[in-house]
């Protein structure tokens, strides 16, 4: 169970990438990010399909790339298994020939048979890729890669060419296979649901940078910085303009929270963590106006407006009654679920609490005066 | 507010399509279906970009196509506005020229200015499509179409080329625009979330057939047939093999439900409608074994196995405690949420109820005897 | 060399340019509709027409020249009709050369145009039509401007191929100064007469011309270089 | 016609087939690595090499023939070296014809091959390498089998273009029966000698051959017909 150490810099045309991470030697690591954020490039750097400008890549004791030592093992000797986005099957070979391509000649037939069976491809052995459905091609690509028994599995958006209702089953199959072969896998995707379903570890990429990396539950609950929160689907992001004595304020109003770091530029909270109540709790609540309600299957979304007209999204179970449009409501933002977010720097791990003082927060005008002061402290 | 009457048959190579529907003259109609189900073909038949083998297409009093009367109005006279999947912008024209293309020369400049402003494209008027981002191109395509003031708007997966986190805003903008111009729109997609978010009406396409059509809330709560349920993301589908005296049975066990039509081949229930309890309720409950639990953001998914090893998926709010893996649990399937599903025929509108009798269902062995009988009745 | 320059006969050069320009003009007028038809038709005759259009590409110039002599020459239907209409024969005249060149260079104009029409995204045409544009407006404002590269390649190859033509001209046009003696024939004549310096001078002109042609073609590709033959 | 058939000289046909086969063999050996290099290199010399390769496409045969005479002929460095090594000159011999044909037909072989290499999905190559295959195995088992069409087009066009060659042969090879008199020259000779029936017979052979060539090329396209040029 060797961890993968990556510390690379890469530049091409208008794009540059710099990543330093240790990817665990077991389980599925998901690289999540918008298109153009460098997810696929990072994967290609690890595989040896692109050359870093500087840095090093090593899997446990094997050094694959080291700029200073002049080491650069070619891709065919790295023992990485790659599943490409469009599968890159060999069109001139049958399913069995594709799967056996990377296996020593003596073992080829037996290994191909094994993987054809393991991935439910029975009866398709003599077909050509052009005669297969999307899901079947995906499984052939996976089998071809796994048949070589790679030390590291790299999957570049492996489900993007497959119909939505097939993905569920293919994802579950993939998770089962990765668990069975006990090798680490890196999966690149821009699909949040996919990351949630298959990711043991999550890396959030934005603009050539690994903004956040860690265990999945940790990342989903605490994005650390603004850009990562956007990628992770956090829609309630409140800008912070000033703070004082356990009170944080922005154009949207103020909250009585203590422990907010000085470098916090935003406060984030997940839609399902916001409470709804009739009474106005002075410290951790805001007044809002209900705008509309939307059914989303298992949940129901309430959209409301804050003081500065920005939107706040609240999710409730499908069978919970929600206030009518136009109603003035009080929304509770429990301190333990509000996460401070940096810009370009991660504030992950910060725990906020409701401020201890029982006196109400000072009026906004007072806070504004402190703004200059606290900025100068930063 | 003219409704669109479509009654067409179409054939090409291995694909055939037959659709008969009246699409309401207001709001957004979403055509939902897997790739290859004929969504785009249906849209092209309506626009006049493909010719039906037979049938008719009319928008209110205007007949666009009628096989028997020999009417076939060319696309350029149909007053349909089409937004293509890849936008099909004119690469040789600026944003302003693209938007003004369909407008009479005298009005061109003024109209282009209006739409540039309405879609936040200010400052981009003199750019060429190649210089725009995905979201900007999408808005130019929409503006170019809306500028011609079409009687019917056709949108072919308009958000598929846009990054996930931009889609939310573009969808909201589209809904606002369609509401403002008060013209009917048909949107083709394979994205369930998109259908849920923008659809006033939903048409479910499978294999060249419109399996189900109606108001969005109605369709999402009652798919009517098996193929439609799959497309609509219903994952709990129990095959029906026999029934008797208000009891329905399959390899998974049996439920005491009355009102199940003889042509029901499956029973479906949404993951969030399944109840969890400790005690065994004899009639509308099954015994299951908890397998694993998965965090999905606002909801938490419990996966469990039924008697025949098939999986059942249960969704609960994120903060609800769930049984541990391996525990034996009782799952409740409330009669009002269980929907009978046909195969090839829609059973929409059927209401089931818990059977009145207080005596327990007969043992499965007894039911099996009745199977032959009930099948012969069908 | 200087001596050759002094007695340098510019007549073949002007004659060649005249021939190539006229040929290109005729080929563009015929080639645009033909290429459009080939790119869009579903007619069963498409295959036959396409093969006939491509024939001069692989047919040897001497075969082409021979058949042109047979079909345009004295005693042939076309040749006689032309002679009675204009008073001069078709073979061994400039008019005959233009016809021969058009046939010889046809694929070099039609095939790039056809590829250009085929590279146009069908959806942009559908989009233009759905926005209410007529077919003519769609063709002029959407189709042609988006295949500029193909227009340039077709023009340049059609012109250059006519300039470089030799075998067909030798057989159908002969070697009449001022009437049918184009550059390539003049070079051959000079070499046969062992006037190597005159041949050298004319060859340099054509070599330079060919270089410029290729630069234009690869330039029109806009950085994305592609094979001319595929 | 029958009379002509009786005295029909098959020597030019065999000579032509021999020339075309040898030329194609040489061009395939040189063309495959050259095309591979052109399709994959990022070298700044790529543009120059590509232009040189394409030059015979637009350069008139008489110019090409003239320069070949100059550089291969008596008194030239290459010509003298060849003569001292083999005892026979390069011009007006079969060996000279092969060299001339190789230069003349070069773009018709290299460009389809280059387009073929460029059409190969780079990811299938990367996939093969990541599965542990050597570069040679990847080339033989993944690259070549997936560009069969390009191989066929290159072979057929290279062969056919050599068969149809006229101007260069006339200048570099002359018209020596059994040594340099290929079909296209023989036709020209027959026409000049007003032996129209013999010319007709040979032309028919070449016309039929050209038809078959186009059928093969369009057949290799697998229904999806494409332009050969551009």
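Note that the chains are named A, B, C and D in the order they appear, and that numbering of residues resets to 1 at the start of each chain.
Operating definition for what follows: contacts are C-beta pairs under 8 Å (C-beta built on N, C-alpha and C of every residue); 3 or more make two chains touch, one makes a residue touch a chain.
Everything quoted here is computed from the prediction, not taken from an experiment.
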Other chains in touch with both chain A and chain B: none
Centre distance in Å when chain C and chain D are each reduced to the mean of their C-alpha atoms: 21
Centroid spacing, where centroids are CA-atom means, of chain B and chain D in whole angstrom: 59
Chain B and chain C, separation of their C-alpha mean positions in angstrom: 56
Junction residues of chain A - those touching two or more other chains: none
Pairwise touch network: line, ring, star, complete, or other: ring
Chains grouped in pairs wherever the two touch, ordered by label: A-B, A-D, B-C, C-D
Touching residues (chain side chain B, partner chain A) in the complex: 34-35, 163-165, 168, 190-193, 196-197, 217, 220, 230-231, 233, 235, 270-272, 294-299, 315, 317-319
Complex contact set, residues of chain B against chain C: 47, 49, 74-78, 80-82, 84, 86, 88-92, 101-102, 144-145, 148
Contact set on chain D toward chain C in their complex: 47, 50-51, 54-55, 57-63, 65-67, 69-70, 107-108, 111-112, 114-115, 118, 150, 153, 157, 160-161, 163-167, 170-171, 183-185, 187-188, 191, 196, 199-200, 202-203, 206-207, 210-211, 213-215, 218, 225-230
Touching residues on chain D, where the partner in the complex is chain A: 121, 123-124, 126-134, 141-142, 145-146
